[in-house]
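Common to both upcoming complexes is chain A, partnered first by chain B, then by chain C.
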Partner chain A sequence: MGAIEKQRHILDFTLSSLWRRKGKNISLVIVYTFVIFLLASVMFFAHSMKEEASLVLEGSPELIVQRLVAGRQDFIPTSYIDSIKHIKGVQSVSPRLWGYYYDALSGANYTVMVNEALKNRAGEIIVGNGVTRRRATEKRNSVVKVNDTIPFKTYGGSIVPLKVKGILSSDSELVTSDLIQVSEEDFRKIFGISKDYATDLVLKVRNAKELPTIAGKITRAYPDTRPIMRDEILRTYDAVFDWRGGVIVVVLTGSLFAFIILAWDKATGLSAEEKKEIGILKAIGWETSDILLMKFWEGAVVSLSAFLTGILLAYLHIFLMASILFEPVLKGWSVLYPQFKLTPFINAYQLVTLFFLTVIPYTVATIVPSWRSATIDPDSVMRA
Partner chain B sequence: MHKRRSDVFFAFLLISTLLVCLMFIHATVRRNINMPLIHEKKEIVRVLKLTDLCLFTEARYTRHPSMADLNTPFQDHPMSLEHFPSGSIMPVPIHLKPRMQR
Partner chain C sequence: MIRLSEVRKVFNAGKPNEFVAVDGVSLSIDSEKATALRGPSGSGKTTLLSILGCMARPTSGRITLEGRQISSLPERFLTKVRRETFGFMFQQFNLIKGLTTLENVMLPAYPSGEMHSSLKERAMELLGLFNLSHKESSKVEWLSGGEAQRAAIARALINNPSIIIADEPTAHLDTRLSKELMEIMGRLKTEGKTILIASHDPVVYESDVIDQIVDIRDGKLVSSGSV
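Up next, the complex of A and B:
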């Protein structure tokens, strides 16, 4: 009998043996699949989100200068521009005007930002796709359209109606969902900010390698400022998704350990029926190595089935069903949650990592204790 | 002819492996389709000088984490609890739920 044929016969026998205890084994595969599904979902989601964030935010400003007052961000005097502009290596400095506006009607927070393209076009706004859903209610699914007017309450108490002149594409919701772009005139009118101040300053530099030196010079000249480099923005997103992934993984670790204990218990605490089976097999001439081979196949069947099904379900969940299970966690208290589908950034390395984290420990947890059962004396088992 | 159980298992393995290969093909195709959209988003970020993803709009330090103050846990007043981690694991109070979902 060829080696392959021998393995197939042992596998046939293992599958029949597993099928005899189908209730127990099917529930084990379901739990195992669910654990892998959750771990793979977290991995796929966090990785794809990080990849997309790093690609999209590569376009963010090279250096931003904020002003801090009593540890809080404050408006920065535009007079700072003149001296920062003269620092060697700085190509340009421009003020950025942005802030938050709470809309009492929808209960949503918008990000209001000045767009240079709206210069001399006071009274007009361009809104993100999420903002168009502000009027949607349980019974009414109406959306804001171009030429509709949105009233804004100024900080002086008066109402400024602004006309929607453009809506940003729904594909860009991941970065623009809550964005309202206004003219500088309207921004200063709504928030009551004098012309001598901006929210922060945006710098362009000639050589990106000089960024830390320029940032240092700015802090020395203006100790009340805080320069933020693009790398720091990208690192923030790495940390956010590591952390978010981390919290879920911490929660999952509990269930993973519970599962390992279950698997260990199953493998070590052999039932009387299983012991008898091993005893009979040994009595009819099976070697200890054959019994171990059978146990290996048993572990491989259970873990491979669970692993392959788990990762396929996780892929469906994250990339085709818009991470439906994670949505409540990610949404938090956001009213204007962007509607987006993640781009699948997956690679073989992720699957190999997951394989080593799940399948290998399970196989080890089942095969090592099997050594004990494989060396059972057949005579004593059958007499029991 | 009697079908062996191992044949069924190997068929399952083969189909699953094929599906995993299809998963990678699908991911590559979707990535190629979505790349122009990602570049469009990058261009929007560049032109509008944006700094953050619009993911969590509940507070300013969750909407713009990269622009947030350095003392995030005490954003609102000393001893105020940090909303950011709690917001991701606690359920939304009913009065704060979006009108569409209430």
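Up next, the complex of A and C:
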């Protein structure tokens, strides 16, 4: 009981000490919180983007086969399907049609993709949220709504009007923002692709372990093809988001250094007033360990408040305010920035790392100079 | 009783600026009596007082408190002895600015782990005793000289020490307040406390409260005797 009361008294005293030097401590907490906020924002963002991307890719095909001509992707003949289908382990092969459409009116690039659900429904499209916001309609100022018509220019220069029959849900905006789903017939009409070709082929296999073998067999049968496994795409996403996270961290280095200097200044020097206070406390019967305990609480209160506030602000910034601060760097260079809310994915390991890199060094840094002061003879206060 | 035997305190020993502050002092201080350490500035009064109050260790010599040798105790035990046996009053009062009078008075008892409610009750009693109840939540920097002095005495008494040590307590007080302080010291002595005051103020050493005067000069004991 006595030990708890002692902790309580010392914590009480610490809080009142912090409050007595509120100008210095509040500015310290603000800077500290800002640094944690920036670091945590980068962490939350990069991690959630990766998680989101991998969730999206979970539903994507295990193996995609593209055709390369002169090192660039070209349309693949649908005649390849028959022989690939007969490779042992392949469950199904289907052609995919997709491409990019530049709309001069809105100055944006859209991803256009064939949706099997629109089979025999020529003239109808389903669009992503970004398209509804960006694409000018007959009424010009309003956003696109269901039953509005969007004109498309075909490869030959003629105009094909397509009617919006659905809008993709905003939950999936990260990948669907710029997406326009069309029927196969309309796709071929707009881009002028004959029925004998597809953009790529997607494969389902019975056993994922056989993927490299199947990919090898396809390459041998058709040397002009390039099979891409889902894991490879995931790895690319990871690398891209890590790289972008790294760019932000480099930008943040300046503020990190500023914080380190501030913390160092605080750590290496106690003010004359603080030293005198330590002397008084020792003289009136506080042990060195009591003073260190007080300084420990002081460091812990400052850094924990900054840590928790920083994390909370970063959470609000990333998951509720659509990462407004560094969205352009992290999301890419598209004209159509998706307005989406990331699903909160928080990695405990990252939080613990951040904790150990900020809270612990700061707390230790506050104790060290106090230890030096606390070990002096208390009679120094008699001579002050 | 506190007994000092051949106590010597040397600062910066072995260095060119070596300085002997207390030089072979042997002395007995009776319990429940008031003793004044008298001497000019730099005579070694404060150093001797620090050694007596377990704030500093002697370079050599022995100190016994009620028969128990304390000069060789490790720091932790020495702090305990200091907290439980001595109450200190400093020349500048050394109250902690920014804290209230009540918090300042309670401060020496924080490490003891006493229940907050009972500690506050005792502190309030002491403030009442020194007519400071109405200043309970005033910051100490707002107190007058006399109030600050009484707050410092209240703080010295919070752990109910048997020995009160005061270093030049009247240095910043006028004659009226100095006499008031000596009256309080007299009251404390009657209650059974041992009083030890270092001072070169006649108001202190000529006071009726003082039973024994110890004269020090250049770190050496010049004379010691009952008044």
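The rule is simple: the second predicted complex is superposed on the first by the 337 of 384 C-alpha atoms of A that agree within 3 Å, B and C clash if a C-alpha of one lies under 4 Å from a C-alpha of the other, contacts with A are read in each partner's own complex, and residues count from 1 in each chain.
Just so we're on the same page, contacts are C-beta pairs under 8 Å (C-beta built on N, C-alpha and C of every residue); 3 or more make two chains touch, one makes a residue touch a chain.
Computed from a predicted model, the values in this text were never measured in an experiment.
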item: Which of chain B and chain C A:S16 touches, first, second, both or neither; value: both
item: Chain B versus chain C as contact partner of A:E184, first or second or both or neither; value: neither
item: First (chain B), second (chain C), both or neither touched by A:E287; value: second
item: Contacts of A:P378 with chain B and chain C, given as first, second, both or neither; value: second
item: First, second, both or neither for A:D103, with chain B first and chain C second; value: neither
item: Per-residue touch tally on chain A - higher for chain B or for chain C; value: B
item: Partner chain in contact with A:R8 - chain B first, chain C second, else both or neither; value: both
item: Contacts of A:L308 with chain B and chain C, given as first, second, both or neither; value: first
item: Residues of chain A contacting chain B in one complex and chain C in the other; value: 8, 16
item: Residue ranges of chain A in contact with chain C within the complex; value: 1-6, 8-10, 13, 16-17, 20, 273, 276-277, 280-290, 377-379, 381-384
item: Chain A-touching residues of chain C, taken from the complex the two chains share; value: 46-47, 49-50, 55-57, 75-76, 79-80, 82-84, 88, 90-92, 94, 96-99, 103, 107-108, 110-116, 155, 159, 167
item: Touching residues on chain A, where the partner in the complex is chain B; value: 8, 11-12, 15-16, 19, 52-53, 55-61, 64, 66, 68, 71-73, 96, 100, 106-109, 111, 113, 115, 128, 130, 133, 136-138, 141, 168-169, 171-179, 181, 200, 202, 226, 228, 232-233, 236-237, 240, 243-244, 247, 301, 304-305, 308-309, 311-312, 315, 319, 328-338, 343-346, 348, 351
item: Interface residues, chain B side, partner chain A - complex; value: 4-6, 8-9, 12-13, 16-17, 19-20, 23-24, 26-27, 30-31, 34, 37-38, 40-46, 48-60, 62-67, 69-71, 83, 85, 87-89, 91-93, 96, 98-100, 102
